[in-house]
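By written order: A, B, C, D, E and F. Residues from 1 in each chain.
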């Protein structure tokens, strides 16, 4: 007898019961104003992940020594932002209720809001570490409050002042930078200050959201709004390893890969490698 | 002194007062469930239109002998379907109020709803001629009633039974074909029956909506949901000419070009040529 | 509790026990001499199949009314042709032993040999219906006897003279056409003669192998060796429906889609629609 | 000892002395106003030609039974139209002086002028058979008289009234069609009238120029100015075979393939197959 | 009443009278010998500019606080180099006569010659700052003196010895490097020496020409002749800011973006961001 | 009389007798398990090489001052790994027997085995310098011992312990890194230690194999298995110059360019430039 075709991120095919970390995909790009396509990221990341190894020479760890579960993609209703966020929250709720860590693969950055809502219900004093090229702090964008360009602003409404730590930011309108000066801990252009931040956050509950466009477009062209002047792969690899290894991560996401603009496949390969390093560092 | 850079569809740079036909773009693809990208169609159609001639050897007419106005693209709020439809309706309202014909370039097919609403307010007994590969008659799709897959169903609610005439339809779920059997005049696979329909509709007020995926994907690959088995360019060219020349068209649109999937540019060139033939036939 | 991520061709997620037809992928292109890439076809066909409907207005049948099982892809050893063919035969053996129909998705055309070997062991008087642009009757190619260009020659060694019926052939070297004149029933350029062939084969055991490059490259550009002058989609759709509905098919395959050369996605969409029509006609 | 790397069109590696037909490439696109790229056509055609067979089942002839010589590409000075045309004429002069037939591969259509000049010097009463989507009869274009859009107008100045026979024309400005009515034999949209033309031209000296964009863009997307509504591959194949087999061809060219816009490679494959059929029909 | 569709670089829609800086496009690539496509750059830069912000966190300045005017693209005669240069000069003349700064967007590098000619007529002692991967100092190229590969040599004839300061140069033939040693101030591979140059040029009239291929191809693949080993985005950003802020710039251009080779759109995004930084630094 | 069309790498068209270095192409990718396409590299490298200069400002040397011979590509039998390796060995044998240096252009990395076998027969104490992202030290891969993933393991069987010096390695399974710890000199992630290695190997016979994916994918996206975190172009340029200038190189290869994934052409341009620097450093 033959089995049904199961497809997961490489080495994420353990049993649900045995897994501390549970992946899911949220391929939503409904508020993307410039170039859509992040909706395709989760399945593409899954299939291309078989092009990388399960072993990391950086951490000298192998995914085969741990248990991960990939619960597949949400089927999201394009055209309804509210229901999309609710569906994401529900998946995170389930994973959290089972005592596991939700690891979401976007999708545009707005998907973070659904997962942060779920986490915030369970962890009152929640901090957010945010890597991104864009501030995402607008109050509204094109008349919408539920927009990728506003997602950290909405998160701020949930977690409050000085609970959001932003790194790599190099784009936004003037108001966003002014807002950040008053309400978040923003580190422009690079990861300068990350080690101090990690020291400060040790032992606290942290949600980690990674917008891959924090990378320079030379290494990550496959995204909707490429913004030159970003960090290198090595800088990001070290930064995510530091965050995932040192902090008490209670939820996380990796988003904004747009396979439509990744003809060479290099961006997807980068995303897969970063996810592997995060999974290993979290284990 | 130098002038600002004006960009229009080729030969559509007359003065507004002189023009009977007014183009506008509605680059919305917010409910597209499969492959987005029609948002880019209006500006790309505009710039590529300079690759075709203004003269049609088919009709022996030249656009330079008529006056057309291109009023540019609506800036639409991604993430809000209702407001998008309202914005489209408003632009059509303005054009209709000035006694002109609104000629909309989509965008996904849902944009048609905004323009039909505007026209319907002014012409009570409105008929719709609809060329498409897909029936677009679902009551809801992924939980949404305002979806590209439901647009003709919504139009049916406005214009009533037997006021919609569909041609070229070759895809849908079973319920849509059952619905069509009771409520619309559906002609599957081809333009068979178009001449009789035109005879019947002569003198009546007609809105004409053209989903370019009615064409076979060999000639029109650049669309979100390519559906094999479509009509040829010559069949479509003759059909649109017949409709635009013989009927009392009070509004029309051309939609579903997705430049993202048109690497060779052939689909865009086809769209431009069909629009030229329509503009000439309407004049 | 959450489920593992199962991925199948659309509507092919029934239980194995309930299914008469079992799909599997054989993404092998190891002997492809010109442009490789068919290795990627099975997973791409699977994911893009969700862009088509389960209902066919041509046959007025819906896949949801039947049971199909998708057993996923073989993991094939690139670099070893013999083992690849053995692995394919083994999967077909299993399916045949369970009294079901193996429906293979290639891969290059050589994969057919593995499945024909399995079927031939169980059905002594086996006939083959073959749609293709190329004769595939070389005795050897670049020094190899196990090559995509030789696959029907190898099949001929198994089933004998006048048991192979070829349609649409428009390319080969002179020797292949001479060989065909003596040993197979070859119909050049089109499906002329298919109805007579179907009449003749009624009640006999037939393996059906479809090389999608029988289609004209305008409708199917995504293949390794595009050959102009092919059949239209409608001609192919009618031909596969006739064969699958009228004959006693004991095994079949669809091959030679190369997603690498299908930037618009149109070829994949065509492949999905043809597979749907075959699955419905076989039910 | 090893040999230098020789690259020719498939089966065109005979000795110069033995060959009646001599190929050369003229990869010039310096006056192309819309989308450049035909400069790349000759080498790409050469390398992709190894994807087709040398045997034609249409004509039952094999290139291996004849001698052809490929003399490679001219190195043309971008920026100087006059010198380009002079260089092309010189290569044709050499070939004609050696009693052979020049078979040029463009490049944009302007290259034809160089070769026609050479032929005209040797054959006083020269006729031209011209397949194209575009009339190419402008007197000047963007202020230039030596432009791809004017090439047949320049040829007309050389060969005179009623010596140019145009087929497939479906685009131009009104003046070009008026000019054609007075000075050339233009057949719009198709090959209707070709058999009568061939009858009339039998025994006369004919230059044959084939702009591949006469094909419908569905089968030939890879060109600078795709124009929908063209002929099918089978129509073109039959037409070129008729012309090359029945007439006294003293020079010919095939032009306007733009590999830049041929991502799937289908257009190049079509060009190679048409060239093969021409070479065989001329032998 | 509706307005005509005006399209400008983002935030460059002030009135002509109010603007100190005037943009125009010169999409010419007629002497490009390798890979054409820069002709498409100006309109693509314009439309993609809406993907960046108007605010620069690097300079803490916002384009909305200044007035810029975009006068659109010149319609240039492909096939005539001389007239192209004359047309460019004429546009620059107009802008200079109105007391404004001409900011040209190419096009291949030859376009610089037209603008330098205009500026030189008004500023006798003119210096040129030149960022590029290529020396562009050939006396002739493929027999042409008016070629992209000769443009700085032609400029040298206008401005004389030691008035040209070149940075980032890493490609050329040996003669060009020898010529530079005698007649220009060439700094190879990097911006080393730029600060001293800026000190020396303070108060003098400077034309600034930026060939974007000075960037490493990893960050700027979309150009005709990519040359590995270039500067980083951050190095270029700082260098252009220094030049535009510190010197008396009397004319400038940004050239050699070829959208044809920029499938991911990253190069265009880089060009837009550099142009924004230049516009802000010049204000 | 006209000459046959000869195509070589730029400036490699000297006579065989005069040349110390002989290039040949081995476009094999038959064991490539992930993304094929390196088969196309040799002809593409050859034609794109005309986009670079023959003069190197880095070494102040010009290829025109030396003699190189390009003997073209092997025609390899896809589907037979053993015969492919034998054919490569034979070409290297010929070149070595004529007292020249074989310079092979792959193809996947397995091609190295054929050339190393030929060299090893002539130089008993052979050392290998290996630049790569991947260890390539598996004993078998997907059941194959002759696989690109095993090539250095097979070489180790030929040259023995501590004769292989690996640089830039950043991917492999755990066993490969363990094997390297015992049997090869592996330097992870970078060229650290290269100068010491060069010192140690001075005067010894060295085969140099360069897998271009040692470069970061930002500069070299066009490869089958892109692996983020690689070296920069400048680092590689200096490293290959050091190796080729300082050591007694008796054979070398450059492999793993896959033009299929190099849409912008940047990777090919990088490969050409590295080959130029190697050829000059070896002269």
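Basically, a contact is a pair of C-beta atoms (placed from the backbone, for glycine too) under 8 Å apart; a residue touches a chain by one contact, two chains touch by 3 or more.
Just so it is clear, the model here is predicted, and its values are computed rather than measured.
The chain pair from A-F, C-F or C-D that repeats the A-B interface, sharing more than half of its contact pairs by residue number, is C-F.
In whole angstrom, the spacing between the mean C-alpha positions of chain D and chain F is 41.
Across the assembly, chain B contributes residues 216, 218-219, 263 that each touch 2 or more other chains.
Because contacts link the chains in a way that matches no line, ring, star or complete pattern, their graph is best described as other.
Listed by chain label, the pairs that touch are A-B, A-C, A-E, A-F, B-C, B-D, B-E, C-D, C-F, D-E, D-F, E-F. Contact residues on chain B toward chain C in their complex (touch as defined above): 34-35, 169-174, 177, 188-189, 216-219, 221-222, 225-229, 261-263. Here chain E touches chain D in the complex through residues 29-33, 36-37, 39, 75-81, 83, 142-144, 146-147, 260, going by the rule given at the top.
Here chain D touches chain C in the complex through residues 50-55, 57-58, 62, 216, 218-219, 233-234, 237, 263-266, 269-270, 273, going by the rule given at the top. For chain A in complex with chain C, the touching residues are 1-8, 13, 16, 22, 24, 43, 46-47, 69-73, 94-95, 98.
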